[in-house]
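Let me begin by handing over the structure; questions about it come next.
For reference, chains read A, B, C and D in written order, and residue numbers begin at 1 within each chain.
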Amino acid sequence: MPDLSITIAGIEMKNPLTVGSGTYGHHGRFSQFFPVETMGALVPKTIRPHQWPGNPPQRVLEVPAGLHSSVGIPSIPWEQFETEDAPRLKALNLPVIQSVIGRTEDEYAEVVRRCTELDAFAGLELNLSCPNLKQGGLDFGYDPEAAFRLVSRARQQTDLPLIAKLAPDYSSLVPVAQAIEAAGADAVALVNAPRAMCIDADTLKPMIGNGVGALSGPAIKPMAVYMVWTLYRAISLPIFGMGGVATYRDVIEFMAAGAAAVAFGTVSYVDPMALPRALRELEAWMVQNGIDDVTQLVGAAHDADFERPQSRRVA
Amino acid sequence: MEQIDAPVVSNVHLTGEYWLLEVEAPSVAAALEPGQFVNIRIRDSLAPFLRRPFSVYRVNPEKTRLQVAYKILGNGTRLMKETLQPGTACDLIGPLGKGFELPEDAKTIALVGRGIGIAALPMLADLAAARGVTSHAFLSARSRDNLVGAEIFASHGGQVFTHADDTPDDVALVTDHLLRMAESTAFDALYVCGSNRLIRQVDQLARARGIPAQSAMEQHMACGFGDCHGCIIEVNLDRDGDTRGYREVCHHGPVFDTWEVANA
Amino acid sequence: MPDLSITIAGIEMKNPLTVGSGTYGHHGRFSQFFPVETMGALVPKTIRPHQWPGNPPQRVLEVPAGLHSSVGIPSIPWEQFETEDAPRLKALNLPVIQSVIGRTEDEYAEVVRRCTELDAFAGLELNLSCPNLKQGGLDFGYDPEAAFRLVSRARQQTDLPLIAKLAPDYSSLVPVAQAIEAAGADAVALVNAPRAMCIDADTLKPMIGNGVGALSGPAIKPMAVYMVWTLYRAISLPIFGMGGVATYRDVIEFMAAGAAAVAFGTVSYVDPMALPRALRELEAWMVQNGIDDVTQLVGAAHDADFERPQSRRVA
Amino acid sequence: MEQIDAPVVSNVHLTGEYWLLEVEAPSVAAALEPGQFVNIRIRDSLAPFLRRPFSVYRVNPEKTRLQVAYKILGNGTRLMKETLQPGTACDLIGPLGKGFELPEDAKTIALVGRGIGIAALPMLADLAAARGVTSHAFLSARSRDNLVGAEIFASHGGQVFTHADDTPDDVALVTDHLLRMAESTAFDALYVCGSNRLIRQVDQLARARGIPAQSAMEQHMACGFGDCHGCIIEVNLDRDGDTRGYREVCHHGPVFDTWEVANA
């Protein structure tokens, strides 16, 4: 029996598989295709510190090898999250990493503090894909200084492992990740779904209610793998890799690029058993290839003589 | 709700623009209620990428098979017609969503459908018949040959009124028949699917009579089982329409009370 | 007969369709599926000022709804380009916009000067997707200052219409485009193919000889449309839009987002008649919808009350 | 070179892991030379996205049809087997690339193939026979039932030597047969496809005898017609291998002289 367990950002996962926030269940409620405890850790949908209905319809649309969506992170009232969802999540027999977002630095700090107080989570993920309206609408996660401040303030609010989640951006990727590392995050997660738009040739208007949406699914995988590979060379923090993962081979691909844990996202809508199947097949593949510890795969695609920056905070 | 590989029994032309897919799916068929839907993965492939949602048209009396009546619209339904043949299996998730409610004491109901929206109603007619409830059907379509399943409604003994845009008759909307019949008939509940205009008319009649009315709705879906928050429509949260909110069609619906969706 | 002609960056095109540099023919030689004069303008593959063999094999790979490639812009010796290719291009009965690249600012300026001297082209396209090795390998096209200097120097070397071609990058998109506009470019082209990587789960190594490659084809279209839409709101320069275009509906989509001309790229490898078919269908669609001038489509997806920045240099 | 919709005549199991597709393609078949290839779009769809290149196995005597022998490898070839059935058409570009050169004065040639590489050779054997050239075939595969097309080579009267890895015999490589025969036979040209080891052996023999030798090569392709620069392999630019360079398989090849590719 190969060892599939990993420790990432101090969180012990019995296997490296998890889910992309927002793609598996509402906060405390999940589809029941397989036991949630099958995965190594659960990342529920991002929660806001205030109620929010989300974006207007139409919210989802099929695009080539992917999904175009703009859900807008609807959030239930905080009291409901606190009294209904959090206890249900806490009762689960696996680490739960709650994803959070705010519209301002203060809101980010606020939701981190509140989530910490709930004492229900193994870690917190900061969803940095929020437009920073004070700075012309560029995502917090695209701006090294904004990201540094956000993570620093979150760090002050919590002793829980902190993961910062980035959307793909070529030019800011490395400086932002370095800023996040310097600010005391314990891990990074990437990629969040990049921004996208589809225009209807009949109406000449955007097809999604919000106009601008995201792109996810297999279409983005080659970009996501490149981003993980690049960050693995640039920072010492462990990486939650994702973007179009669908099979055990995709899991291996992301791990070889440098991810310590790998998340299933959009694929679960289409093939809800993709994660448990990949887990089984990953294990079989390891047996077949004589790999007895899954951590051996992490970063395996980097040149033999390549040395990773040394990890500072993380075991 | 479960995911199964349902062997295809048949996949044949139904009428007009519609095809009929029948699959072997005992566990799903046995659990299905009228108005619920299934979500079909047409191919294990990236194109089409998403599943396609369809109302269940009918379930056989043994509850081992289910039927879907579908219109060839785009790439997914075209491939559905071409590739789901006997000998293959169909990857299907169901039953999904919330179905129609047939009040315990109902005696007479009206089923109002337009176009492919009619496909959501035969199973309800079957259930009504089984419970001894009389159902009258009011069907419309753009053309006569697209009046899907009229014979099913007729077979249960209720009256069937039809209206086709391409055939001149004495009504403007098929609901004119409904309103006329309602003058002399006490309906206990109304059901509608396929057109916002029909929903509004049915809702008005229901309000006037103080009887329940429900409608099956559609929205683009990514998952179909409540995970993606993708399939919302804006609904009335109160009967006066003073407060509005979003509800997921796959989870709170596809069946809504008409007062919820009358101005959707 | 609707009017399909456009004038972009001073270049008169009899229709808005063109090709993405590098996806249609070698410099002077094209596949003969349809007369090259069918399109509104020809953009041949990028040329370097010096000979270069390009990247090692394997160079291309199928990915979901797209192509992963790393060709590396092989270039024939300049003398050969000058004596064989340029005359052939000049003899064509349509505007030819030659794409150029350098490894340094000097090389960019050099190749612009030389191409101008050939007196064979209707315009020049600066391919800014070259890693700026002096600046840590970030593409010139991701850095507003580098892009400003490159375009300014190119501007000094030529009176030909100058188009700057960008790869997709969320955070630098607008500042870079503004820098390009300020430096005197006449148009922008986007998107070049974003960077990507695929790792083989059998060997745990990248599948492409160069390790890092690009992603192109329908997979990237929703991102490309978003980028065009964003730039249309931010700058006044006309836009050559591209990224996954395959049908006349994609042409309409890019034009509605803000592109004045639209380029067919990867699709031509798979469906070499895609461009002439789209042209025919676009014209039929215009007739059917009573649109008599194709320029009416440009930017049509923007809100009615939205006003575009005023064009400074361009008719 | 042209793009056509070629009606499928048949698509049947050939032997071992191989299938045989035959299509109606008069203009392409008439222009084809042995060693050239066609590039097939299996479906008008995003999956598979790229075309798939295949050597032409044979052309019928009337030159109206062409055959492709293919191995089910991945998604593309699997769909090729499933969907290209009589009644459908196959979107095909061809003839592509540079074929084999058969010297005007050749009398005796050797054809050496391994695995699916053999599929590039029958058309050359047919041409040789038509020109009165004797061709001897040296075929190897992992297993006996994968020795594609042995009967074709035999039908032209030359000798056919085979070697299957799963069947013990007296040679290590099928080229051992070639070397033995070469002791008593004056070959005028050698042709090889399917294995780098075989190419090296054939190249050595050709160098020793001062005769031409050619090999058909493979590489991943995006376009197949010279537009993408994608399908290069590294080749010797001189016979000593002192200078090396890249050449596109679809344009300069797929047939190369063995000295070009002996250490590819």
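As a working rule, a contact is a pair of C-beta atoms (placed from the backbone, for glycine too) under 8 Å apart; a residue touches a chain by one contact, two chains touch by 3 or more.
Just so we're clear, the structure is a prediction, and the values are computed from it rather than from any experiment.
The set of chains in contact with chain C as well as chain D comprises A, B. Centre-to-centre spacing of chain B and chain C amounts to 48 Å, using the average Cα coordinate of each chain. If each chain is reduced to the centroid of its CA atoms, chain B and chain D end up 56 Å from each other.
Taking each chain's centre as the average of its CA atoms, chain A and chain B sit 37 Å apart. Between the Cα centres of chain A and chain C there is a gap of 33 Å.
Taken residue by residue, chain C touches two or more other chains at 63-66, 217-218, whereas all remaining positions touch fewer. Looking at chain D, residues 46-47 sit in touch with two or more other chains. Taken as a contact graph, with one node per protein chain and an edge wherever two chains touch, the assembly is complete, since every chain touches every other chain. Chain B contributes residues 46-47 to its touches with chain C in the complex. Against chain C, the residues of chain D that register as touching in their complex are 1, 3, 41, 46-51, 93, 219-234, 245-246. Chain contact summary for the complex, chain C toward chain B: residues 64-65. The part of chain C that touches chain A in the complex is made up of residues 63-66, 68, 138-139, 142-143, 167-172, 194-201, 204-206, 212-213, 215, 217-223, 225-226, 229, 244, 248-249, 252-253, 256-257, 285, 297, 300-301. Residues 22-26, 29-33, 45, 53-54, 56-67, 69, 71, 74, 217-218, 266, 268-273 of chain C are the ones touching chain D in the complex.
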